[in-house]
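Encoded as structure tokens, here's the structure I'll be asking about.
We just call them A, B and C in the order they show up, numbering each chain from 1.
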Amino acid sequence: MTKQEPVSALRPQRKMRDGIHVAKVSLAHGGGGKAMRDLIDDVFVAAFDNPALAPLEDQARFGLADLAKHGDRLAFTSDSFVVEPLEFPGGDIGKLAICGTVNDLAVGGAKPLYLSCSVIIEEGLDVGFLRKIARSMAETASAAGVAIVTGDTKVVTRGACDKLFINTAGIGIIRSALDLGAHRAEAGDAILVNGLLGDHGAAILAARGDLRLDTMIQSDCAPLNGLIDTLIEACPQVKFMRDATRGGLATVLNEIAEASGVGIEIDERRTPLREEVKGFCEILGLDPLYLANEGKIVVVVPGHLAETARAAMSSHPLGRDSAMIGHVTEGPAGRVVMQTHFGGKRIVDMLVGEQLPRIC
Amino acid sequence: MQYVDEFRDPEKAASLIAAINDLTKTLALHRDHPLHIMEVCGGHTHAIFRYGIANMLPPEIEFVHGPGCPVCVLPMGRVDDCVAIAETPGVIFTTFGDAMRVPGSKKSLLQAKADGADIRMVYSPLDALELARANPTREVVFFGLGFETTMPSTAFTVLQASAEGLMNFSLFCNHITIIPTMRAILESPELRLDGFLGPGHVSMVIGTRVYDFIAEQYKKPLVVAGFEPLDVLQSVWLVLKQIAEGRCEIENQYGRIAPPDGNKAALSAVEQVFELREFFEWRGLGSIDHSGVRMREAYARFDAERKFAMPSLKIEDPKACECGDVLKGLIKPWQCKVFGTACTPQTPLGALMVSSEGACAAYYQYGDLEGLRDKRHADAA
Amino acid sequence: MCLGIPGRIVAISNAERKLATVDVSGVKREVNIACIIGERPIEACIGDWVLVHVGFAMSVIDEAQAAETLRILVELGEAQQEIAAMRASGRA
């Protein structure tokens, strides 16, 4: 990739615009005219600023030969982000939008390369805030080594969306010879996670404010492609990875058990949880196994490579608290069981609906 | 976590299990005629499943899951009343989380929220009060349900609202009392119970002496139990010990938190704000005398029942629903004809499948205990 | 109806409304302490371990009773070990 130069240097023939001077986004900014160009240039292009984006055609273009240098399959994913509140301890909707898509590519064994960013803005949103989000996305993209190369901007009337919705789609190239899949788990395989569970879910719930709990818990939102590179290098025999987002660890385990037609047994003593997240869950009667994570993956490797995988992940800053939490069993197929710290066994089932705090 | 981790110590659990096994042999129990211990509280049901306690016990001891789950026993008609209040223009309807999914005859509160009613989940009635202060032009209603454990919190909240002269706060009172319920269970002719795990947090408020009649009149041992897994196991052990030693007493395992005379300040607040209803409708159990409370006349201006129009209908459970029999401990959840088929957590017919403490939901989600138990039999053979 | 969790009172936030800050493993929440003040000055509640239920401190945890409950279980464990040892030696 060529050195990134500012937009103005690459496209001297485009008239340098004044930028936005109003404080709030209005419907005019979605109208397709000058106001919209100003919004796009001033807020998004200025932040994302890279050679693939600079031409501002209707599409970004890449040479296939260049892509093929990284592997033999194209990976393609998309995610929409509607998180509330838009800002929370540890991140914001922008950071989340980049991490979510980068991670969806990385867990498939792909090197994430290019992202699109499409936004739907409710009229009245503060422009300064939008700039902040765009900068957050740019920083996260840079940290992840990806570029935002195309996108779309729409503005809708008040009430037609909740402040800001973001969609990111991404492409990456899958390394040759890697074949990851939820169906590949077999009895004897080890199951690992790269750190403390439940931080994001707890941070969001606390940040919404209606529970009036005061806590230092931060979202674990992070791009995991670097961690995953380290893991794959040490353990190319890895069979499956998935980020434990909505529905938490429990949901991913159930998905694996079902797709592979196997059983899974985990040990409660080995599931890493922050003390504060434990306290948070105890107060509300929530089960931390179902809380969302935005910087955690569930990894399935052949049993004899468990320690290799754990050590590799632990060597990376985003995997310091990596742990082997359990293993795959013969069955019954689709059943996930947890050995409780206390000594009993219980089933860890799929969630029905959303987990609600309880009084009993 | 202090006062929590110590009561989840697996080593002490092992000792208790060994002691329970010994007593089981002493009592010459047989798995075809197991001892039946009823845990009254939904919180105990939850603990039993969460920690896998039932399958740590020998098969000669069976838990019978009692009706102490206020969300489970909420009649559909009352949910309809909630929805009616919530759909009144200008109302902010506040409720505990787990009440939101209970089906009414047309919809649950969660569905009413999706349809546009301003329904908000709160952790505490104090948060509802805060909403009332912050929204003086809106009427804030708090859905108060629960046994005596939760009555003091709503009572104090009403007293605080009164002290501040708030004009836009009301309570929709659905509090129920534990003693008449237990009496109804004990009077049930088909019931075969050998002992009780008493409700630890209800006792924290009302004390332990209130259960004396169960030992004296009905000759059943009762151990007031805490909610950590060691508390539950120790309480089971104490019930067994009583039976083995031919005793029939009210014992308090939860003395660190539940005092014998209850909490004076709490009881005083409850007495000030609430009075007993002549009778109250329970889902699955029908009408039970003196089993609910309503707000006293003096606090009428905070009483949603007086302030709002609501259908107040008695809605029958679906014909197929066998919640009543499960609540009374007559059948196990999986013995209900619609368990897991027409009635699942996704499509609940009855409240026991809706609430996370409901025995049916617990079996469905955590359970297949019978499967695990059969495996244990096979392993032991 | 039963969900309660132990927490420690770390500050009084509003003496008039009888509100205090309670700490549960680092998570803080304002709770009403009307049930546990008793005859004491409100500041005396700071440091108390209490059972928290829906935003109310419902009971002060009796440390001595908690220790006693655990001691009984430790004793039981020791007794069990003795019995097991006796059984084993009986078979030897």
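The criterion applied here is as follows: a contact is a pair of C-beta atoms (placed from the backbone, for glycine too) under 8 Å apart; a residue touches a chain by one contact, two chains touch by 3 or more.
This is a predicted model, so every value here is computed, not measured.
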Checklist entry - With respect to inter-chain C-beta contacts, which pair, B-C or A-C, contains the greater number? => result B-C
Checklist entry - Which one chain sits nearest the middle, judging by mean Cα positions? => result B
Checklist entry - Quick one: chain A and chain C, Cα centre-to-centre, how many Å? => result 39
Checklist entry - In whole angstrom, what separates the CA-based centres of chain B and chain C? => result 22
Next on the checklist: Two or more other chains touching the same residue: where does that happen in chain A?
Outcome noted: 212-213, 275, 278-279, 282-283, 285, 358-360
Item to check | Junction residues of chain B, two or more chains touched | outcome: 1, 4, 14, 41-43, 69-70, 96, 123-124, 127, 146, 150
Checklist entry - Which residues does chain C have that touch at least 2 chains other than itself? => result 1-3, 5, 24-25, 29-30, 54
Checklist entry - Mind pulling up the chain A residues that touch chain B in the complex? => result 210-213, 275, 278-279, 282-285, 332, 335, 340-347, 349, 352-353, 356-360
Checklist entry - Which residues of chain A touch chain C in the complex? => result 206, 212-217, 275-276, 278-280, 282-283, 285, 358-360
Item to check | In the complex, chain B residues that touch chain A | outcome: 1, 4, 8, 10, 13-14, 17, 41-43, 46, 49-56, 69-71, 96-98, 100-101, 120-124, 127, 130, 145-146, 150, 229, 344-346, 355-357, 364-368, 371-372
Checklist entry - Which residues, counting only chain B, touch chain C once they are in their complex? => result 1-4, 6-7, 9, 11-12, 14-16, 18-19, 22, 41-44, 68-70, 96, 123-127, 146-147, 149-150, 152-153, 156, 160, 199-202, 204-205, 227, 230, 234, 253, 255-259, 263, 265-266, 269
Checklist outcome for this item: The answer for chain C against chain A in the complex is residues 1-3, 5, 7, 21, 24-30, 52, 54
